[in-house]
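Paired with chain B in one complex and with chain C in the other, chain A is shared by the two complexes that follow.
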Partner chain A sequence: MNTYWNPNQKWLARVNPSLKFLTIAAIFMIYLFVHNFNVMLVSSFAFFIFYLFCNGFSKKLSFWLVAMTFILSVFSASAMVFFGKGTHMLFEWHLITISIESMTRGLHLGLRTFVYGMLGLIFASTTEPVPFFYSVMQQLRIPPKYAYSFLAAFRLIPIMIEEYRIIRAAMKVRGMSEEKGLRAFYRRMKRYAIILLAQAIRRAQRIAVAMEAKQFSMVKKRTYYYQIGFSRYDVLFTCLILLIIIGSWIFSSYVPLTPYNNVLERSY
Partner chain B sequence: MSKRLKLTDILVTIVIAIVFGLIYKISGPLYDIVKILGFQAEQLTYGIYFIAAPVAMLIIRKPGVALLAEVAAAMMEVLFAGSGGIINFYYGIIQGAFSEIIFLIFAYKKFNLPVTILSGLAAAVGSYILDYYYGDLVDLAGWNILLNVVFRFLGTIVISGFIAYFLVKALEKTGVTNLVRPASKDDYDVLNK
Partner chain C sequence: MMSLTNREAFGVTDLRLVFPKEKDLFLKDLTFQYHQGEKILFLGPSGCGKSTLLQVLSGLIPNSIEIPIKTKDSRIPKRCGIIFQDPETQFCMPYVDEEIAFVLENQQVPKDDMKDLIDQYLTAVGLKLNHRHQLISTLSGGMKQRLAVASVLALKPDVLFLDEPTALLDPKGTEDLWKTVQTISKDKTLIIVEHKIDHVIDFVDRIVLFNFNGQIIADGPKELIFNQYKSELRQYGIWHPGIWEETFPEEEILKLPQEVSTDPRLILKNFRAYRGKQVKFEVSQFQINKGEWVAIVGENGAGKSTFIEGMMDLIKTKGDRIWKVKNEKDDVSFLFQNPEYQFVTDSVEEEMAFGLVIRGGEEEEIQLKVNDALRLFNLDHVRHLHPFQLSIGQKRRLSVASSIIHKPSVILLDEPTFGQDARNTFSLLRQFETMREEGTTLIMVTHEEEIVHRLATRKIRIHNGRIKSDEKTKRGMQLEGVVT
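Showing the complex of A and B:
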């Protein structure tokens, strides 16, 4: 049996990728219907801690990604905080109307964005494409022609980046990158887009022909080079996630940090 | 002429989706920065997130391509740690499905500019379903919601309507679309002459 796991990876990388994906997709649905500000506050903190201890990125990259997620969360709150509906006014200036309702609803929205961002980072930092697509074939029964297409397409990314560099260098040599103005910008974008897409399509078509020539997808039952299964890490992952979700509910029902138990309520 | 997706169709669709997935990933932070003003100006560029479906559909012209392209592009964004995280996957499914419906209504026979624009607008409508639950959009002041809707639809018409259509028109001149497109009735007519 071939296993893909690299010994230097974090334990989260060994969790079954399909299980990890479905769990995170399910948490998304759960938090879409959480309107309790306290629960959101506690769980966003808990998911942040979880990410800090378990992510697979380098410290520097991790810092920037968390900073980006934080900024995104603040920004996604801004429209609701400044221009949301509400009756208990805190601040009014021309169009800006900050009320208790819009404030809590906006902050709630920001925290929700933060939770989703953290979940996305937890998944992306500990999931490699190869085990992920092998796992969706084996556990979720996605047809191999889809999963292998993804894997083949991933291989094309470095080639596309290389091609982008070549086009840029070629345009520079011919003095075409010197042009200024909107029209030149449009022409430049068009040139890049057409060349990159055309080459990518040609290459993809050739790869597909080559795969079929080698009898890909001709057999009904196939074997896999990598076997992706389940391990004790899956149990640990599921337990930790359940602990965060249930724990944050219990904690906020006993120790409500703020009086806002339902941000959708129209008055407090 | 088979209407089912073959390996070539799937692979080409996913490669196109990867290109747009990278664009989604890169445009994410730019989109987020404009958000801080709260005046919904970022909605003008929202249309970029609907473009994978019409472009792939106009190139390959087979049922299911629009949905596959949009879902694949969204999946790429999640795997590349795009901003917003896991939510992009759901947006991908819903936008792809709505885009697909328009091509389905025209029985996968019409691939002109109005249909392309309609498919983009359908995706925009789809995105509002998720926004309703995610962003509590209805709780914004009236003028702010109006700005949001107008900007998003305008941007969609330009980006995933006009730009998508003319991008594929330009690709047709390179001849690559002939590699992947199923033979049309016109092609057979040429043979019969």
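Showing the complex of A and C:
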């Protein structure tokens, strides 16, 4: 859509979007049940490498997104590291108690967040909305009325961003941004909400009418401009994902990097 | 019309229509018939029901827009296409080819035929793109409307309905769109609602004239309507050839009182305005004086809006920007293209008072000023409504009134007459001229050549982010003559 994001350059863009979506959703589920810290450690590294080689973002944007994911992971880790229960104390200061157990569990959580972040970015950076929704209509049999509503909504996003810029300028011109304090802030927020929502609702209604005027119908059968199918990239993608998951299990069972094989266990 | 009777006829008989929550019928016992092949123009004041009738005739009401209607008889064409006013809200796909493909998919056209058909429709409307897979958001408003025509052609319509398709287009886009419509509609039926009739008039043959109450007061060949209903056309605010000369005769304007001054109001030196990190406008030396009416013209994307937004410090700028006024915040006002963006309160009355309240003032005095302004701008009867409930013309008047109530000495305007009918446009222009005579400086981005040529005193043409020419108009030259 713009210079920062060009999903089509990467081979991952050719993977069937529904397959990619379901695979990533499945990994989300699988990693909920991984309690082996070593496996988590190895696979987060593997997914990070996978992301580095296969994402569709520009280098600059990619850096900031990874940095943000990392910070998010540190946050989610810290909650458990600092305040979790455990018997092998490492550090104690008022409310903050760090034990070996809380430390490993916390880092485990942090790594899980990181893996989810990487997977999400891999999907987002290599999937365009149009092929994705065509694919879910064709492979997953999602009714066109939902798919096309999402597509129509995507068009509204840049319009709303531009609108936000204009409203901000308009408020400045009218002297709204001069006022200080919580009440003024509340009034400004209310203004933004009213104007943006009023415009968006009107636009959505107009688009809906225009779509019906073009004989879009909820029930009729339709043909498709893009036929989204499967290719060797799908095999490659599935194999790579399986390799990462199984590989990290095997690797950590032969070469355990840490002694923490189950973070749910109470003591070591 | 006898010769037409053997062709297929469409229309409604005794149409009654009421908007939800309204007491009175909006359209009452309206009958309108037309035949295949006719090219018809609906004219009438804003809000009289022309567009609503068009939506009934095309079947949008009540099929897609649920409004209760009652008719004795209604014949809606099976294959019809509709072009709407707003270029932004007619598409549901991001790319040009996908949008036309969407229409083809709806009709179950086989995939293999689509690419050829898409190219064929794009050629028919004269959209020459490097590639059919181009982002719609990169097209200009006029090109978007032609794309709308192309995608409607994919419906293979017998009847084309056009609901003010050029209201949001600049003059070039308007002209191109009508040329396109003319070429594609040779064997088609056309029903058009439009306020700007300069280009349409060449190829319609029947005009239907509505009054304020949504009744048809005349229906016949265009020559007849033009000759017999001149005063109605003016009264209803319809743009017709010669209307500018009738309203602002060139000779008369030159006789208007001219206040002359060489006091600078704004000085720019080595000025650059940015969009993001790119310089989108630059000028090394620039000055605007008291009482000038500066018209800023140029192509879309040339940097006109950037220029005035930069003057107002709404975007990032570098260089010197010196306002020679008492207080920049109070004495310089800015009017956005869409009035809705600058409404900050929940009623017309509060909106009008807002500018005075935040500057501090006696409550009674504010009340008096607000009442005066409401009367002057003919908004007295809607003072308790929410600004969003007003008509297009009322919104514009309110935005102008509320920006000038504290008497700024400079006003920057971004296409203030855009999308307004003739009546609203002229009453705004008269208001601006009165202010100018009182010494206010007007800086106005506009596409309307007539405003530049008749009312402005100075014309600045922007091209590629720079001032290409800066000259006094005839009116401005006369002003200069008075000085020396």
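Note that the second predicted complex is superposed on the first by the 258 of 268 C-alpha atoms of A that agree within 3 Å, B and C clash if a C-alpha of one lies under 4 Å from a C-alpha of the other, contacts with A are read in each partner's own complex, and residues count from 1 in each chain.
What we mean here is this: contacts are C-beta pairs under 8 Å (C-beta built on N, C-alpha and C of every residue); 3 or more make two chains touch, one makes a residue touch a chain.
Remember, it's a predicted structure, so these values are computed and weren't measured experimentally.
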item: Three-chain arrangement built on chain A, chain B and chain C clash or fit; value: fit
item: First (chain B), second (chain C), both or neither touched by A:M211; value: both
item: First, second, both or neither for A:T69, with chain B first and chain C second; value: first
item: Partner contacting more residues of chain A (chain B vs chain C); value: B
item: Chain B versus chain C as contact partner of A:I142, first or second or both or neither; value: neither
item: Touched partner set for A:P129, first chain B, second chain C, both or neither; value: both
item: Superposed model, angle subtended at chain A by chain C and chain B (C-alpha, nearest 10 degrees); value: 70
item: Which superposed partner A:R222 touches (first chain B, second chain C, both, neither); value: second
item: Contacts of A:L236 with chain B and chain C, given as first, second, both or neither; value: neither
item: Which superposed partner A:I100 touches (first chain B, second chain C, both, neither); value: neither
item: Which superposed partner A:F82 touches (first chain B, second chain C, both, neither); value: first
item: Touched partner set for A:A152, first chain B, second chain C, both or neither; value: both
item: Distance in angstrom between the closest Cα atoms of chain C and chain B, superposition on A; value: 6
item: Residues of chain A contacting chain B in one complex and chain C in the other; value: 129, 152, 154, 198, 203, 207-209, 211-212, 216-217
item: Partner chain A, residues of chain C touching it in the complex; value: 58, 60, 63-65, 81-82, 84, 86, 88-95, 97-98, 101-111, 114, 135-137, 151-152, 155, 309, 312, 314-315, 329, 333-334, 336, 338, 340-344, 354-355, 358-359, 388
item: For the chain A and chain C complex, residues of the former touching the latter; value: 1, 129-130, 148, 151-152, 154-155, 158-159, 163, 166-167, 169-176, 178-179, 191, 195, 198-199, 203, 206-217, 220-225, 227
item: In the complex, chain B residues that touch chain A; value: 6-8, 10-19, 22, 29, 32-33, 35-40, 59, 68, 72, 75, 78-90, 133-136, 139-141, 143-144, 167, 170-171, 174, 176-177, 179-180
item: In the complex, chain A residues that touch chain B; value: 24-25, 27-28, 32-33, 65, 68-69, 71-72, 74-76, 78-85, 95, 97, 101-102, 105, 109, 112-113, 116-121, 123-125, 127, 129, 132, 145-146, 149-150, 152-154, 156-157, 160, 190, 193-194, 196-198, 200-205, 207-209, 211-212, 216-217, 263-264
